[in-house]
Every structure is written in structure tokens, then in C-alpha cells.
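Okay, so here's the structure we're looking at.
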Amino acid sequence: MADFGFSISKPQSIDTNDMDVGRLQALEAKVPSFKRCINCGACTATCSAGQFGGFNIRRIHNLYRWDQRKGLEKELQQCMLCGKCTLVCPRGVNLRYLIIRLRKALADNK
Amino acid sequence: MKEREKPVHGDDNPKPREVKRRLKSTKRISRRKRLEFEEVELPLQVAIIGGGVAGMEAASVLTEHRCPVILFEARPELGVNVKNKYKIFPDFSDAGRLVETMTKAMDHPLITVNKDTEIVEIIREPDAYTLLDNKGVPHTVPAVLLASGYEPFDAKRKEELGFGIYEGVINSLQLEDMLREHKVLNSLGEDPRRIVFLQCVGSRDEKVGNHYCSKICCITAVKQAIEVKRQLPDTEVYVFYMDLRLWGQGYEELYREAQEQYSVRFVRGRISEAASTFDGRVQIKSEDTLLGQPLKMVTDLLVLMIGMEASPGTQKLGKTCGLEGPYGFVRSKSPHLEDNLSDKPGFFLAGTCKRPMHIAEAVNDGRAAALEIIKYLRK
Amino acid sequence: MTTKKHYWNEYQKEIADDKYFYERSCIRQTFFPGSETAFLRILKEELGKDILDVENQHTCTGIGFYSDIVPLETTMTIVARLFSLMTEAGYENYVPSCVTSFGVFSEIVDLWEHQPDMLEKARKILFETTGRTFELPKNIAHPSDIIYKFREELKEKMRYRLVNRFTGRPLKVVEHIGCHYAKIFPDKGVGKAEFPHVLAGMIESWGGEVVDYPERRHCCGFGFRQYVVRANRGYSVANSKKKFESMQPYEPDFIVTNCPGCTMFMDKWQYTIAEMEHKTYDKKGYGIPVLTYEEMAGLLLGYDPWELGLQLHQVQSERLLDKLGIHYDPNEKYKSVSGRILPNPEKPQYLRV
Amino acid sequence: MSSNFHPFVLPFTIGTLALFSVLILKYNKWISKFDRQQKKLIRRNLFTGKLIPAVWEMINEGLFHKKVSRYNRRLGYMHRSIALGWFLLISVGFVETVFHFQGRGHAPWIGVFFRFFVRDNQTLSAWIFAQIMDLLLLYILSGVTMAVFKSIFSKTVGMRKTTRLKLFDTSLRYSLWSIFPLRLLSESATAALADNGGFLTQSLGNLMGERFAGVVELPLWTLYSIALGLFLCLLPFSRFSHIFTELMLIYFRKMGLREREKPTGFTRFELSACSRCGICIDNCPLDSELNITDIQPVYLIRDIRNRMPHRNATENCLMCNRCESDCPVGIQISEIRRQERDKKKLDTHDNYGYIEDVQSFNAIGRVIYFGGCMSHLTPGITESMKKIFDTVGQKYWMMDEERTICCGRPLLQQGFFNQAAELRRKNTQLIMESRSKTLVTSCPICYQSFRKEYNLPIKVVHHTEYIVTMLRLGKLRLNRSELRLAYHDPCELGRGCGIYDEPREVLSALGQLLKLEQEYKNSLCCGYNLGNTVLELDQQLKVRDASLRNLTDSHPDVIATACPLCKKAFQHSTTQPIKDVAELVVENLR
């Protein structure tokens, strides 16, 4: 290949046309309460792992909503499964189970 | 509600005249009053359970139509829930004065006010209701208006927010008191450097079983934030919210004013923990969800915007009358044209015993219920 | 759809009838000079118009101006001199070949209208430096406006239609309007900025079908500073890519543009993308041909493709010519003006030619 | 007809031989799969005094079924009548045979078919034996009758539910049930012919009459032998293998063997020792509150034995251990469930780089106070504990004041063994580096973890234990009032760690502790137990409501508990005061 001295920039926007809705639907079927999230951030605020920086469970599951899976598997491994997020969620989202299922889904669909 | 097959006074199917006779025998209206109002068109008496703004407004309207009213209030005073506020949105008018005006109107020859009186049982008679109060006195009336109202959410149930544990954590009613006294102070008695408001405490929270929105807290926080800034211009004010619902006339403008003129900072995120700091202040944990970044903040005061729950009276009477709706509120016949009616003829509903309402809405609802009652009695 | 189709009708700009002063484009003269020649030929020979093409003209500074390199005063003076050429020749209708020039002239004229002192300043500087004077043009029109205006007359003279000879169906044409045509002053474009009709009108009149794809209004990716700085070229090509990906499902037969930058980048970036990512946007790997409106008109009028300069484009157009039913001599493709057959240019690795 | 052999004894003989060879093979295989530590324990304890209590327990459990009886008398009788009765039948039969032959050689099957082979024995001793044997047979038959009833109407034996069985098990059960009636009938037939029966068989034989008995005698004995043979053959492959395995298990357990993180040969013994009595079903809140009926230990064990555990059965469990506390065999079901939850691929290494730079604190002379993750959401508990430390003049280091490294138990419970170990390693390091001698924790989950999973060389106490010690030392003095208190036993503290009395001692010192319908080891889970990830909120709340009903039935002024999670669960549902033991202590300090 010729060296052009530059490469094509990746678009910042998420191309939702390329996304596989089935993956999200499968997760929602496993954890029905996931659909109820209103992104209030209580989970991230209280998160034990999040206190050490870097881990943001709300961001992770929002990225998964748009089928943006890159790097999520590694990121999710930081969860200590302590359950505080589940306890503070005002919408009763079963976050611990969501995390386990999400980890499984990410591991299965590389 | 108990259905009484045999009426207390014997007759199986009393005719209206008989009801009237019985009413006289209950002697709730003095002879003098009856003489004074000999031209009374509706000599039947209406019982109103709850002397809040809805109940009082209904009583006023009923007397305007010359209908005698007997009003029961469980507490020693009328209009307490509104009176507990200092100024009310959106015009910052005086809540105390509003209640005063309404209470004054209760001093009317056709209105009998029974304070400190709780209705413990309602018995349905054919064409009438007998109310038993906590002193054991029965009151038989052809129509009842339930206006037993709401109760503020007990923030102790959200222990993670530290209400009742840290002095710096207060609820929105306590802030009203502070504002009235012009003494918004932190736990050390100093001017607060920072005040944080948290929305949706006890509302929209499945963990405490309240899925609904209490509707008034968003605008109340905006109002209180402005009042705080008026009294303490140097205090930083933050409002943490999940969604801001500023739906009424003038509300959005107030929000804009809070941002622009008073530099109130609005943060989209729920606070999930509070802890104390070494200097007696409160540290909160939240997330700026729009940034996707968790944050910590130390504040002098954390004000919990507590929602509205059905009052114990509403819950109890709703249950005994078989009108129990969701979350312990009472259920009206239908939400559009029959919102003041219950599915029991002669039994009417008004105000926040049905759902969270703001003051004007509750007043209007009381007024509407009064007109429904008149329509019913004339029939 | 109805709204979209007819929205352009709500605005029709004023386009002079005759007596045009033509100003050349830097890019077009260099990369596809056949287009300008064709324009002059169409106006003179097909339409019998008076159009003047003088020798002593120069750049309008557009690329430098929009890259924030050339100061406003310089550009004003340059514009003033070009107008003085027009005034000197006794013309009043200014026709700049380049869309960016069109933008520059419109902008400077607008500035002068709002700030007469700037006009005075320009007159003064021009006079002091060159001793020239000028009048403002009565009408500034882009050449595509003029072709658009006379599209029906030209249709009568055309030997071909925008119809696929093999299937009998209209050719699917992507039209792309240069940003500076109507995005600076929507009033200066036919159909304004959102639904410009200048190229679509030609395509529809001449039998083709306009492809209305999602990224139709997106910039071609040239973006001046994005291209001028090499490190930023990734952004430039990414924008073109976005357009190609958006139009690809419609399987367009060719792209037609009215802007030198657009023609060049939509054409050349196809090569770049093919070399970098091995991706082309037509099924067979040849890419989508990019024509100027003059080339399109010229082809339909029966001009020789090689004289129009189609071989100078990166994406080659033989397959399009076949569809149109236009005869061409492959041996003539690389013949110089002097009649010498030049050696074939080096072929790209991935893009088929 | 007193020869020593008849072909009909073959099914029984083959069955017996098959049973013992299969059992020996199986046990041998399982023992070989013990892990190193378990093997060491066996080598060390094989011939020690542990044998005697083991045998004692074997008799109590294997024959008398004491634990089952304690749980439910009728169910105990049923099991006992069959087990003990059969055992005695065999023993007495053996004695009878030995007595009869007086040391002369006899075939081993004679004891089982004694009446058939020894017909002309009219001595007094023979008559006495016959009566005893009939009595035992009657005893067994009464148990069998109950079992038949139980399968039809589970309530007969006092159980709400009974175990649902598969075809294989059902057929086996029928063969067991048929053994004893067949024995009764065949002995009766022989009695009719040879006049050698006891009170039961002789009278039934007389009823049959000689002619009929002559026709059916041999077929009946054959059927009896076949039923026995079939049952013995199939036994090692069925739930009835628990009869023998339980004895082995009791012995191993006395030697100190326990479940490990991953399944071992010991697990096979435990699985095989389950008799599927179904007591665990009755105790399961998911069954009683949510009508989830396929996840209880009995089904999980069956599925693991059949090598097809389904995900729902392993995952959907609160791990409240209410089942285990009443299991007559004492199977460590939660540990087995956890082994099944092994997340394998998901259980990754090196996940928590971010905790590495957390520093310890020099806490010589201080206690370490570890609130636990959840206590950050119940500041009432941590604030009270700080106040208590201050009151008794104890300096402390709150290890997780700012940021918590989870104890690891929530991960462990879900089968993330490596990840849990990673957290344990870091916490251990912090604790050891602090050089403190005592660790006080407020969260029963952390407590159980520190106590059982950490192997810390320092003292680990729950805050209720700490408060009790301080009360006993007189460092804390409380005002006693008439406050009516209902105490909720948290699963992890009570059943998990056996801490029942300490909180009660504290509460009794400050108020009046009410008796509850379900408490101590029968306490009901609050529904928020971290052992379950699958339940949705509404389901958790149903479990909680049942638990709360049990607490409010006695109309307490305050509901007390000793776990932040339980506290939150109840707090969410009611305005009634829910307080931790520590909070009540602070409120009632003298």
C-alpha cells in the first residue's frame, strides 16, 4: 500500500445501523428490569469499584445498549459484585445479574 | 366500608324526610342557626373529612349554596400541610396568609368545625352515611367528602442519605422553617457555604415502593434554591435531579431565573450516599451522568426533597371504604369526568387523598367536588 | 416527498440572459481544463451567447481566504481588480467558474453593500496600486446557473439522454452542490441551501434520476484546512467516505458536481480509500465516476469524451459511456494536443481502471 | 423339603453380590478423588477415637433417623420403621438361623428365606422367633404403608410438599414397597403348609388354606426374591444408595472432611447421601413465597447426580441456608451449589489492579473496624459503632471508611473463585500490615468471610459479639426499658456463623425481647441476600414481606437486626423503626 502519511479518521458517531439489536434484546430477556433504567447514575455514584476510579457501570451498559462492545469485557472484570448498585437503584434494576449476564454475553460473542 | 343492612334508627328504607328528621336529631346545627337560615335550600348536611385546603374550599363553596357542612380535622389546626410552608411557588406568595384567609371563611354559621377529631369508621346506610369519630360520636349525613390528604415522606427510610443521622441532612419542610425564620444555618450554626438539594426522595423509587412522581418537588426545589440565594447570596446551591419536570405556568421561567440570576447549578445525577466529614459537614456521592463521571461533594446542608405519600387517614379510610387505590391513595370513579366521584353514591373525593397535587390544584379540586355534591343533593 | 421535490420552486434566483464575463477557476484549469472549454463552447456554439474570457485574470484567493491565510483587504483588492477587468471590457454580468470564487464574490459584494466605507477603501487601494477603477456587477451567476437556465434549450440539441442504453431506465445520478454555492447565501442558489435544484434540474430535464441519499447535503470532505494540512487529511477523506457509504446502496451510475473541490476530492479520495482500505463503492471495483456539469452536458451534446478531458479523472468513465451509448476510441484516450500518443499512466493497485 | 438350595434364591443372591461389588467400586473411585487435604485428614484420623462417635452417629442417623424425627415425628417414624425394622429383621433372622443350625454349616441365603427352608421346626424357641419376626415385619409394613400414603397425600406424614420423582426412581420405590408385602404373603403361604408362622403369617396362612397356599407358595417366594434382587441391584444407582453412603459420610465427616471450593470425591459421597426426603423443599422461601419449585437442594442434587444441573437450579437460590439447617444428612448444599456455580471462563485473573496501591495503617493497639460495602448505605450502623468504640475508650481504624475493598464473599457465592481470592489476598495484606489484633465487622457477610474464608491469625468478631463482651466487662452500661423488640436473625450471622445468642443478650439488656414464630435457625431470609442474583426486585420483596410478617406479628415497638442488608430490606417497606443492635445500644446507653 502506498504511504499516504495519514489514515482515514474513524467516525465519532455510533453507527446504529450496524448494530445488532438481537444482542441487546437477548440481554433484556435475561434481565427484564434492565429496560427500566433511567440513567440516574445512583449505581455509579455508590459503586465500590468506581471509588477507585475508572469503572463506570452505567456507561458500560449504555455502550452495550448501542452494541459498542469494544473493551467492555475487560472493563467489567473490575466489578467486585458487592451489590451496592442494585441496592440503591430507584428503578429496581437487577444490576448484579446484569453484570454477570453482560460478562457472559461479551465472553460468548467475541 | 361496613354496609349496614338494618339502619341504626329502625326503618329499613328511610325516606328523605326521615333522613332530614334524623339529621335534626343529631343536632349538629343549632336552633338559632336554623332559624337564621330558614330560606335554606339544601338543609341536608355534608360531612367533610379533612380540613386541608381542599376540604376548606369545598366547605366554602357548599355554604355559598347554603348547604350546612360539618368538617372534621384530625389535627388541632386547619390547613397544616400548607401552613408548614413559607412561601409558595410560583409567585412567592405567603402560604400562611393563604391558609389564614381560608380558615377565616370557616367561621361561618353553616359550618361546624370539629378539630382534633378523627373519623375512625364509616358505615354505609341506605341513602346516608354514618361517621363514627374517635370520641365515639356518630354523625349521619347524606353525603361525605373525603379530603384526608397526604403526608410527607419519611426520609429515614432512605438511610443511606443520612436523614436523622447527620445534622446536616434536612428535609424540604425543615428548610421551609429555616427560610421563614431567616435562619438557614449549617449544623454548627454558621452560614452555609454550600447547599445541595436532592430530588426524588421517596418518589420514583421502587425500593420504597413508590413508583410515582410527586410532581411538586422539582419546582419546590427551584423555589427554595431561589429563596436561599435571596437570603444568602454567597452560598453555592446545587440541585441534583434525575429528571426536571417543570410543567406548570411560570415554572420553566423560574428554573431559568434560578440558573441565570441566582447561579443555581443543576446536576443530572442521583445522590446515593451521604457521610459525615470531620468538620460536621456532609459528603455526598453522585454521578454527573451527562459527563459519565462519579463525583464527591462536601456540603453544609443536604436538603432532601421529600415526596408525598397518602396520609395515614387516607390509607385507613380508603381501605375501610373499599376505595383503596395504588400506593394507599384513594381511587376515584374515573380520572376525567368523574374524578370527584367514588363508586359509592354520595361519597365524594377531593385533593391529595387521590394523588399528589399542588395547592391550586387541590383547591380547585375541592371546589369541583363541592359542585358535584350540590348536584347530587339536588337530585 | 412532494414537499421536498417542490420546495426549490419557492426560490428561483435571478440569472442574466446574455453578455457574461467569465472568470476561470484555478483548480479546474489545472485538473480538468476540458470543462471550462466545454462551457465556453456550449455558450457560444450551442446557445449563441456573448461570453468573454480574458487572459489577464488571476486567482480570487478563495482557498487562502477560507483557510484564514489571506487577509480580507487583500481579497477585497483582488476582487476589485477582477471586477475592474469586467468593467474595462464593458460587461456587467459576472460568471466565476469556481463555486468558491462565487462565494468570495458574493460575500465581498454583500460586505460592500452593508459597509460602503469598505467599498471605498477597496476602490482607493485598487486605484492607488493599479490605477484601475471598477463597477459592481449587475448580476453574479455561477456557470451551473446558466446551464440550468438554458437546460431545456440544450436538451433540444442533445444527441443523448441520461438513460441506460442496456436497460432503458434512467441513469441514477448523485448530484453534489459545492458548499459555497448556497450555504453562505441561501438566496444566491437556485432552490436555496437545503434543496438546491441547480444540478437536479439538469439531471431531471435530461432524462436522469436524482439519487436522494441521506448524506446528500454533507460536505465532500475538501474542507480547505482539513486538506491543506496533511495531518488533517484523515478527516477530509473520512467525510467523503461517509458520503460514499451513504450513496452506495443506491448504486449510482455517476456523480455530478458544480464545484472544483468536490469534483476533485470525491474523485481522488475514491482512489485513496481503495488503496488504504481496499474498498470501492461500485460493485465491480471501478469506483463511481465523478463528472462536472459541463462534462455531463458536453457528453450528452455529443462532444468527444477525450476532448472533454474525462481521462484526467481518477475514476475512469468508459463504463458510463457504454451505458450512455456514446462512442469513443480507446486509442485516442491518451493523445496529446500535438497528436502524439502518450504512454498509459501507472495503474492503481486496487482501484480498477 | 429342608435342602439348602432352591433356584428361586438366585435373584436375591445375585442382587446382593452386585450391590456390594458396585458399592465397593464406587466408593473406591470416589475416595481416590479426594483432594490432598482430605486424604491427609483420613490418613491422620483413620484409626483414632473418632470411630466411636462416628459409629454412634451412624446408629442414631442410619437406624433411628433422629434428625428426621426431630424435624417431624411422623416422617421420622416412617424412615425409622423401614430402616430399623429391616435391619432388625436381618439381624434377628441371622440369629435365628445360627441358633437353628447350632454351628452346622448353612448357606448364606437361608436367613432371608428361613421359613421356606426350615419348615419342620416346632420348638418353643422357633415359635418365639417366629413371633418376633412377625412383629418386626408388621413394624416395617406400617412404615411402608405410610410411605405409600405419603406419595399420595404428602400431608399424612406432616409435609407440605413431597419430592417429585423420575420414572427410574418410581419403579425402584415400587420394588422396595413390594418386598415386605411379598415376604408377608410368601411366609404366610409356607405357614399354611408347614405351620411354622408367627401370629401374623400363621393367621394369614390359615386364611389362605392349604390348597391355595400349595399353588402360590413357590411363585410368591420367587417374586419376593426377585423384588429383593431387583432392589439390591438397582440400589447403588438410585437415591436408596443413601442407606449405605450416609454411613460412610458420617464417618468421613467425623474425620474432619468438608466440602472444598471445587467438587471432590467427598462431594460425590454427599450427593449420594441425599435420601430426597424433601425437608429442604418445605424450608425454602422461594418455594413458599414465589412458587419456584425446581431449584431446591433435593432437585439440584438429583440433577447433579444425573450430571445435568440446569442453570436456574444452581443460580436461583438465596443461599439463606434454611434448607441446610434442617437437612437430616447435613449435606453442605450451599457449598455444593457454589461449586456448580463455577463461572469458569468468566472467573478471570488480575482484575483488580486498582486496589494495589491502597495503603495499610499502623493500628497497633487499635481494633480494625470493617463496616463492609453495604454499611456505607446504613450510616446509622457505622456511626453507632464509632460511638460505641468512643464510649468504651477503644481506639479503632475504620479500614473501609473512604473506599471499600469488598471482602470477596459475594463473588465467591457466585462462583468467581479466583476473583474472590484476589480481594482476600489484598485485604489480608492490609490487615496483617496494620498489626492489629482484632477485627470487628458490622456486615455478617464480611464476618463469615473473614472467619471462614480468610484464615486470619487475629480475632474476628461481629459487632454484636464485641458489644456483648463490652457489656460483660461493664464497659458499656445500658438502660433497660419496656421496649418491645423483635429480633431478626440474619442468615449469614445466625445459620452462617451460629451467632444467635449474642444479639439476644444485648437486646435483653435494653428491652423486652419477643418470641417469634420463626427464629434462630428457622429465621426467614429478608430477601436481599446477596447469594441470589437472579431474583427480580418484586420477587425479593415478596420474600421480604413474609419475613416481615413474622416479625410484626407480635407487634414490636422496634424491629432489631444485625445486618445492613436486612435492615435496608425492612426499612424499604415500612415506616416502623428498624434498628441495628448497635443503634439500639447507643440509644439506650446509660
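For clarity, chains are labelled A, B, C and D in written order, and residue numbers in each chain start from 1.
The rule we apply is simple: a residue touches a chain if its C-beta (ideal position, glycine included) is under 8 Å from a C-beta of that chain, and two chains touch if they have at least 3 such contacts.
Quick caveat, the model's predicted, so the values are computed rather than measured.
Trainee: Chains touching subunit A and subunit D alike, please list them.
Mentor: Chains touching both subunit A and subunit D: B.
Trainee: Per-chain C-alpha centres versus the global one: which chain is nearest?
Mentor: A
Trainee: Where are there more C-beta contacts: B-D or A-B?
Mentor: Answer to which pair has more contacts is A-B.
Trainee: Measure off the straight-line distance from the CA centroid of subunit B to the CA centroid of subunit D, and report it in whole Å.
Mentor: 54
Trainee: Counting in whole Å, what is the centre-to-centre distance of subunit A and subunit B, each centre being its mean C-alpha position?
Mentor: A distance of 41 Å separates the two centres.
Trainee: Nearest whole angstrom, what separates the Cα centre of subunit C from the Cα centre of subunit D?
Mentor: 86
Trainee: So what's the Cα centroid distance for subunit B and subunit C, whole Å?
Mentor: Using C-alpha averages as centres, the distance is 70 Å.
Trainee: Give the residues of subunit C that touch two or more other chains, as numbers and ranges in rising order.
Mentor: none
Trainee: Check each residue of subunit A and list the ones that touch at least two other chains.
Mentor: Within subunit A, the residues that touch at least two other chains are 46, 51, 84, 87-88, 92.
Trainee: When you check subunit D against every other chain, which residues touch at least two of them?
Mentor: 376-377, 537, 568
Trainee: Please list each pair of chains that are touching.
Mentor: Applying the touch criterion to every chain pair yields A-B, A-C, A-D, B-D.
Trainee: Within the complex, which stretch of subunit A touches subunit C?
Mentor: Touch list, subunit A to subunit C: 1-2, 4-11.
Trainee: Name, in rising order, each residue of subunit A that touches subunit B in their complex.
Mentor: So the residues of subunit A in touch with subunit B come to 38-47, 50-51, 56, 58-59, 84, 87-92.
Trainee: Could you list, by residue number, the parts of subunit B that touch subunit A in their complex?
Mentor: Residues of subunit B touching subunit A: 160, 200, 204-207, 242-243, 268-273, 285-289, 292-295.
Trainee: Can you tell me which positions in subunit D touch subunit A when the two form their complex?
Mentor: Residues in contact with subunit A: 343, 345-346, 348, 351-352, 354-355, 373-374, 376-377, 402-406, 408, 410-411, 414, 416, 419, 423, 528, 530, 533-538, 565, 568.
Trainee: Enumerate the contact residues on subunit B facing subunit D in the complex.
Mentor: Those residues of subunit B that touch subunit D are 154, 156-157, 159-160, 162, 164-166, 206-209, 272-276.
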